[in-house]
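Look for chain A in each of the two complexes below; its partner is chain B in the first and chain C in the second.
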Partner chain A sequence: AGQLDMITDTFNKLVNSCHAKCISTRYLEADLNKGESVCIDRCVAKFFAVNTKVGEQMQQIGSQRQ
Partner chain B sequence: MAANPWVCPIYLPGKEPGLEALSPEERYQMTQVKYWSDMTSAAMESCPVKTAMSGVLGFGLGGFFSLLSASFAIDDPLRRSNLQAAAMAANPGQAAPPEMTTMQQTRAYFKETGKQMYRSGKGFGKVGALYAGIECCIEGFRAKNDLTNPVLAGFLAGGILARNAGPQAIVGGGLAFAGFSGAIDWYMRRPSASDDDD
Partner chain C sequence: MDFSQLTANDQQAMEAIVARKQMKDFSRLFTSLVDRCFTSCVDDFTSRSLTSREDECVSKCTQKFLKHSERVGARFQEENQKIAGGN
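For the complex of A and B:
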């Protein structure tokens, strides 16, 4: 249950930040156009890359402290 | 799950809402349908398909316009006689070339029209495919969807189309095409005039 909580939390953060970055507030149709799809692909990849890097750094700091 | 209530929830694979009434087989069919429709819409957005579609549409449009202009052109009734007179003058002493029957003349006319349609269609098709391809690539590279995509693509396409006519023509043609495509995209992007609810 805790794991699912974490995953849902990460997913929601990902959706929020990539939506804020990639999708403009003015749009005329419901489908994602090509620019937005490409932006979302890159955003998700960067999010996970940053996630893993930050996790590694925090692990290092944690292991240094102990 | 005290997460943000306004964001997409995660559903486990067997428990999507709205599908409880379906049997597992129907559910599988729905997932298949969704998969293929997603693939199709993704393919429609891809650059090669967009280029090809624009090329084909341009070809059709060019042929149609050429057909219209050919139907407006008035055929000179004395053209055949003038051609015959010129042929006789060019080859003195030889017999006059035989006059074509009406059927042959009609066939020749349609062949000419067809060739003209094909030529004009090729030109329009090249323009359309070039512009669509460049715009798709620029949009894919920038990952943004705004007005500078069509303007830049128009400039490059206009420049490429005028590549044989000197640097001034390249820049001028590019600017004209850029302005034209930018104006069209600006028009298509205007917020539609909808009445506000009272």
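For the complex of A and C:
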């Protein structure tokens, strides 16, 4: 259940971050336009890349401390 | 998530936990969406009711967010599968 919490937490952060970065708040239309769709795809990919990179660097720090 | 390896009792317990979390998540989605669309769309306080512009904006805001969340969910699943599959 702890893992489930972490996954849903990550997902919610992902949704909020990519909305802030990709979706115009002028709300001119109900549908996602092409630019927004592409941005979302790239945003998710980059979020995961950041996730991985931060994890790697923290592992490094952790092993240096030992 | 794969619960097929758990005992029947444990599976039931997990399903109850997931159902409870889904309910909590739904109400969290609702309040955050209200907050988001109110903040972005409502700025005319010359009357108590929503102007037609504000009304349309809230519709679009809600629908767009749900579509956005759906798309993020699809990409999220794909990325997770990559990790699980071990590319």
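What we mean here is this: the second predicted complex is superposed on the first by the 66 of 66 C-alpha atoms of A that agree within 3 Å, B and C clash if a C-alpha of one lies under 4 Å from a C-alpha of the other, contacts with A are read in each partner's own complex, and residues count from 1 in each chain.
The definition used in the following text is that contacts are C-beta pairs under 8 Å (C-beta built on N, C-alpha and C of every residue); 3 or more make two chains touch, one makes a residue touch a chain.
Remember, it's a predicted structure, so these values are computed and weren't measured experimentally.
Asker: Please work out whether A:28 is in contact with chain B alone, chain C alone, both, or neither, and reply first, second, both or neither.
Answerer: Both chain B and chain C are touched by A:28.
Asker: Of the two partner chains, chain B (first) and chain C (second), which one does A:48 touch, if any: first, second, both, or neither?
Answerer: It touches chain C, and chain B stays clear.
Asker: Could you tell me if A:15 is touching chain B, chain C, both of them or neither one (first, second, both, neither)?
Answerer: both
Asker: Can A:37 be said to touch chain B (first), chain C (second), both, or neither?
Answerer: After superposition on chain A, A:37 lies in contact with both partners, chain B and chain C.
Asker: Could you list which residues of chain A make contact with chain B in one structure and with chain C in the other?
Answerer: In chain A, positions 4-5, 8, 11-12, 15, 22, 28, 31, 36-37 sit in both the chain B and chain C interfaces.
Asker: Okay, in this complex, where on chain A does chain C touch?
Answerer: Interface residues on the chain A side: 1, 4-5, 8, 11-12, 14-15, 18-19, 22-23, 25, 27-32, 36-37, 40-41, 43-45, 48.
Asker: Could you pull out which chain C residues touch chain A in their complex?
Answerer: 1, 14, 17-18, 21, 25, 28, 40-41, 57, 59-61, 63-65, 67-69, 71-73, 75-76, 79
Asker: Within their complex, state which residues of chain A touch chain B.
Answerer: 4-5, 7-9, 11-12, 15-16, 22, 24, 26, 28, 31, 33-39, 42
Asker: Would you tell me which residues of chain B are touching chain A in their complex?
Answerer: Against chain A, chain B makes touches at 1, 3-4, 7-10, 41, 45, 47, 136, 139-140, 142-146, 149, 189, 191-192.
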